[in-house]
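One chain, subunit A, appears in both complexes that follow, with subunit B as partner in the first and subunit C in the second.
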Partner chain A sequence: MAASNNTEKEEEAILSLANKLRWDLGVDLHDIVIESIYEDATRIARKTVEIKGEQRGYYLDKSIDKIVTSRLLGFPIMFLVLAVVFWITIAGANYPSRLLSGLFLDTIHPFLKGFAANIGMPHWLTGVLVDGAYISVAWVVSVMLPPMAIFFPLFTLLEDLGYLPRVAFNMDSLFRKAGAHGKQALTLSMGFGCNAAGVIATRIIDSPRERLVAIITNNFSLCNGRWPTQILIATLFIGSAASPHWAGILSAGAVVGIAVLGIFFSLVVSWGLSKSILKGEASAFSLELPPYRPPRILKTLYTSLIDRSVFVLWRAIIFAAPAGVVIWLLANIQVSGSSLAEHFIHWANPFALLFGLNGVILLAYIIAIPANEIVIPTILMLTVVSTGIIGMGEGAGVLFQSGSLADIKDILQAGGWTLMTAVNLMLFSLLHNPCSTTIYTIYKETNSLKWTLVSTFLPVAIGLTVCFFVTQLWRLFML
Partner chain B sequence: MSNMINPAWALLIGVATLIFIGFIFWPNIGLISILLRSRHNTHREQVEDALKFLFDCEYKNIFCGLQSIASNLDISEEKAARLLGHLTSMGLIAVHGDTFSLTDSGRSYALQVIRLHRIWEKYLADVTGAGHLEWHEAADQKEHRLSIEEADRLAAQIGNPVFDPHGDPIPSSTGEIPEHTGQPLSALKVGDTGRIVHVEDEPKVIYAQLMALGLYPGTQLHVIESADGKIKFIANNEECLLTSHFASAVTVVLIPHEIQVNYALLSSLKLGEKAEIKGISPSCRGQQRRRLMDLGIIPGTLVTAELKSASGDPVAYRILGANIAIRKKQADHIFVNRVIAGQ
Partner chain C sequence: MNNQSNCENCSFHHKENLVRLGVAMNKADYVVAVAGNPNTGKSTVFNNLTGLRQHTGNWPGKTVTRAEGGFSYGGKFYKLVDLPGTYSLLSTSSEEEVARNFILFGKPDVTVIVADATRLERNLNLVLQILEITDRAVLCLNLMDEAKRNNINIDVRSLSKELGIPVIATNARQKTGMSELITTIEEIATGRFICRPHRIKSRSAKLNGAITILSEKLAQFFPGLPNLNWVALRLLEGDQRIIEAVETRELEKLGAELSTN
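Now for the complex of A and B:
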């Protein structure tokens, strides 16, 4: 006992002496240590290492850098590269998407229904499982998988090549003015693929304050799940407002405009957060501009398919299946003569019209919290249910993708849609809560209920405000 | 459409709602932040603030009477007298005539509060992006709410610091604190070279002025003139002139070696120019400073300005064979000596 007491006392004495000595060493001890290490290393290196000129490829890299970061060409090249990536994604995903939905919806779905009927499954169980859960999973896979399988590898290739750091380098001054981290440019463009992936990507930002800013504003990057909605609505309502010759360009311009508006909101909200609840100054930003490298294509394909696409898709499926069940139930459970869906739509309509939307859209956005991809089919299905159009779709509460664009426009116009509704839907699609996968990811990454709620409800509030003013101004000046 | 509210009215109501929400939630002047602030001045805070002030006087050997306590706590002398009476009855202070001194338990209580205050300041300065004018006020509130365990955990997380960002020593968890060292800048003589060890953070006006001049703990200065209650010195490569009132808020220790005076800022390099790093200003601290040093921004390293971003800021510098982009704001804090080509 006595011995251990003694050593404990000695230990305490040594520790308190050590503490006192740290006070004597002053504030810049860390500097002195690092400086002396580097000094020694430099002395040794000068004695032993001989350097012949610059590294291989240095001058080529330098000339490429001169072009892609030049005052004149820097930003045009950046927008061009991003536009090409988006175009390849949208155009390239079209065919496999149709193939997959043909396989899942036209071949496997009838087969499953027939199988269920053969084994004598009760009607409601077939409805919930086959028409509900199966179809919404099939929808998410066929709409989401092809663009992700194209977008993520392309993005990773740009990253591998070394171009992305140059984008961050060019965009940094905008983010600095918004009080955000320079690397937010990278997580923002990642969000164009998938917000959940963008939120995970914020791990590259080491300052906690700026990381939160990046997480909260990532939702303003128009994600893959929302591109199809934007493209469809722009084609149907905005493109048709112009002569056929200009229709394509006008609707494409509208979609790009929405995406740019998203970047604008991202910067403005970052600025607002840095001035209020996440007050602080932009922290130091040092970014390495690595030498350009030929990308390793196979490895890139593998890692981006496995790490990003499959991972994100799996979570979306987990959330989409229950959503399908909910849609089917809402459209099929009858209370005093009409379905639950119709009750909600009638109840929400007056409120929704203030924002230039309607009850169907609000309900669709609530049901589609698990996955933004199912917004359009849900809207179509609910419109059919509530307006009582006959001979459309595959039965109450069954998601479907109608054959022709004209059919879709007819259904929507029967539901009371105008150009104003379309514009508001496009704005609300950009400015609403993140999908549940993203919300869950935000919770996992921040470990905080408070910030999860802020990131969920802040965009909705902004979206409703924007839609409200657009609608009322529209009515004031266009009526 | 016909049964809907008139759009002009709707717009008015919308704008009014936004203004109302702003009125409630606006940071600093909104209803919520005013309510939160008004809750602050509680009894516990006054007790702790009084003890802190008494300790500060004791530490710096300044006389401390009823009047100075009242003005420091921003309360009437009457209230201050009642507060001091309360402290005496709690056994935290002792009264001798018109001076007050801390008892042992009062001193250890005061040290505990000071420890929390300084740890929180260090945390704000090193880890968060809070600006240097916000540290003190934020810590003044946090010190009354942080528990000792939380503070210990926080201290461990930021490497058990022994100095706060103003250069004040942080008391150890057992309540030890080193002797007061250094002398006020106003007492230095012509030719003296010193290193700032502490900048008094109150009153705020003086502190803001000193910060604007770049006088941080760790900054070296060299006195070139001292007359008529004014002192002229070189710090951060610039001449500064302070009245002795301002200069007494800065504490320095004398150092023997000559100060480097003829350096330029990294941000002043034109593309293609080469320079040798001389050092990083002490105002760049914590992780940011460490990150810069880890990249090789150490006295003696050679750098070349290579590329300007499309928007003009940041600039990429070639350091130890790598291109590193640094924002102008950080490059302003890095001192260099230009290397003339061919040398």
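Now for the complex of A and C:
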């Protein structure tokens, strides 16, 4: 006790000594210290820096900025850039996707089955390994890899070029009006890659209140795991509503629409939080617009392929394999005449239909909590199980063989999907709980169970509400 | 033959000895901090030296935590710490504090200050602040190609003379100037090159006296904490964050934590 008292006194002694000395030195000491640094910096710069002629690059940057951050054209240009990126992704991913699924599902899968039969592997083990784990990994690879390999390099090129800070600059006033920090536009952009990364990036926001707002709303940025879902469903159900000529553009437009809706929810929820449980004013900040730099295209292609695509893919695979096992087991363990999966699906169906979804989708979202990437493969597999489509699968819990887009659509339609289901799935994919990695990251960053729970359940509540109203209105007007 | 032996005497000869270690660095002989303003290319320099692929991007604030990597050169192991960008050592946002605490209390053997050649004057503010607290630093004058494109000409030699530390002109994106940077880091780390860093001159005798009195007092309470003069000056200025750090004894912890690295 005595010792701790003693040290406490020491601390006070230091501070009071500092106080006393400060009085002697005058009140403007801080300014004097800063000024002396600035003075020296200016003096040295004047001696060593010589600018001759005009700074052409600087003026060029400035005139580009005048256009891309202008009040009139800023947002249209932003949406156009996004749309072009998605259009290239959608148009480019189709062919390699088909190629990969042909290889993995039509060639390698029968070979593995044959091999398992030859060495006399027990039925259930073949089921768990080949029909469960292998198929879902193969699916994730063939559905996920092509769009990622196209989308990431494009996004990284934009980042390298210096376009992101301009996006932040454009959106700053909107975020400020929502009571959030302008830098939230940057963390939101990071979230378009990965929400866990976006949550970590909120460290650039100083005020704890605004940082929490940014963390809670980061999930409204569509992440890696959800882009392919959006792109696939938009291609199948929305693009096909138009003539083939316009299909690509229409599906790209739909995906941009969902992304923009995410930004809209980010703003509205930020505003709501700033007016309720996280009350406060937006703080001012300065954001530097860096010069445009010509992106190094080859290096970007290499690093974004290796670092981002392969990293995300690896994550998808390590989650997909166990999920495949779980799905196979759910589909094959029988309780009183039907499988566990069917029990859940029948039980959840009436509830899910209120929201324009179905029991399969709800179960898929529960299985896919570790990784959004596996939602679509899981839905397909469970649909095959629950509808008992013949000739498509090879028994319960086996993903169908052919991977062509038309087949996917056939399966989903056999599962009762309509255009409304597709729209609701796209909405729910945007508005549901973050993946478990992100939830864990939020907990680590906020150190608070309360805010982790808010960040987890708020999006689900919003998602169900939105889907509910869309479904009811749809039924009212379309039927 | 004669030519070759000349080469062997020259320190540039050893650049073939560079082994990028990625994150495998258990026994570092020297710790090197990479500091600088946001968006000057610190992470690119870091990646070039360590062979790692720390994500880089053209926007300020990309690095929020400190990343570590290593390389070995001339038989010695160097641990490199990539710090978040910061405009000054005085401000208090959380990522700037990561950088500030490490430069102040992490006792790096060499601090590589990466500066944007197109915005030298503003970058110098941080450079001068860092030179207040360390005398083992090298200025990596990056983005020289952009400066050239903008008709900005920098007299590297007189800049080096003014600052009292080596100045290396680089284009980290094109990997030019990297071998010079490595040899300079080695020369400073091993003590073969002694820096005579620029110190802010216009400080009154009265202020210097007060700093001395206070830092002596601090030395009794926080034995072994580096840069007590800097801490003293901040206390005299009434820096709220540092006052707090004294009260809660966070300073003591910081010193212990960062210097064991």
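Everything that follows uses one rule, which is that the second predicted complex is superposed on the first by the 288 of 479 C-alpha atoms of A that agree within 3 Å, B and C clash if a C-alpha of one lies under 4 Å from a C-alpha of the other, contacts with A are read in each partner's own complex, and residues count from 1 in each chain.
The rule is short, and it goes like this: a residue touches a chain if its C-beta (ideal position, glycine included) is under 8 Å from a C-beta of that chain, and two chains touch if they have at least 3 such contacts.
Everything numeric in this text was worked out from a predicted model, so none of it was measured.
Peer 1: Using the superposition on chain A described above, determine whether A:Gly162 touches subunit B (first), subunit C (second), both, or neither.
Peer 2: It touches subunit C, and subunit B stays clear.
Peer 1: After the superposition on A, what does A:Arg22 contact: first (subunit B), second (subunit C), both or neither?
Peer 2: both
Peer 1: So, A:Ile34: does it touch subunit B (first), subunit C (second), both, or neither?
Peer 2: The answer is both, since A:Ile34 touches subunit B and subunit C.
Peer 1: Who does A:Asp206 touch here: subunit B (first), subunit C (second), both, or neither?
Peer 2: Once the two structures are laid over each other on A, A:Asp206 reaches both partners.
Peer 1: Kindly classify A:Arg296 by the partners it touches after superposition: subunit B alone (first), subunit C alone (second), both, or neither?
Peer 2: In the superposition, A:Arg296 contacts subunit C only.
Peer 1: Can A:His245 be said to touch subunit B (first), subunit C (second), both, or neither?
Peer 2: neither
Peer 1: By the touch definition at the top of the document, which applies to A:Glu288: first (subunit B), second (subunit C), both, or neither?
Peer 2: both
Peer 1: Between subunit B (first) and subunit C (second), which, if any, makes contact with A:Thr42: first, second, both or neither?
Peer 2: Touch partners of A:Thr42: subunit B and subunit C.
Peer 1: Across the two complexes, what residues of subunit A are contacted by subunit B and by subunit C?
Peer 2: 22, 24, 30, 34, 38-39, 42, 55, 206, 287-288, 290
Peer 1: Provide the residue numbers of subunit B that touch subunit A in the complex, in ascending order.
Peer 2: Residues 4-5, 7-8, 10-11, 14, 18, 27, 127-131, 134, 162-163, 167, 169, 172, 174, 176, 178, 197, 217-218, 280, 282, 284, 287-296, 298-301, 306-314, 316, 321-327, 329-330 of subunit B touch subunit A in their complex.
Peer 1: Please output the residues of subunit A touching subunit C within their complex, sorted ascending.
Peer 2: 7, 10-11, 13-15, 17-18, 21-22, 24-25, 29-30, 33-34, 36-42, 44-45, 47-58, 156, 159-162, 164-165, 168, 183, 186, 200-201, 203-204, 206, 287-288, 290-293, 296, 303, 306-307
Peer 1: So in the complex, the part of subunit C that touches subunit A is made up of which residues?
Peer 2: Checking each residue of subunit C against subunit A gives 38-39, 53, 55, 57-61, 64-65, 90, 92-95, 118, 120-122, 124-125, 127-129, 146, 149-156, 158-159, 162-163, 173, 198, 200-203, 206-207, 210, 213-214, 217-218, 220-221, 232-233, 235-238, 243, 246-247, 249.
Peer 1: Which stretch or stretches of subunit A touch subunit B in the complex?
Peer 2: 16, 19-20, 22-24, 26-28, 30-31, 34-35, 38-39, 42, 55, 62, 65-66, 69-71, 73-75, 78, 169-174, 176, 179, 182, 206-210, 274-277, 279-290, 353-354, 465, 468-469, 472-473, 475-476, 479
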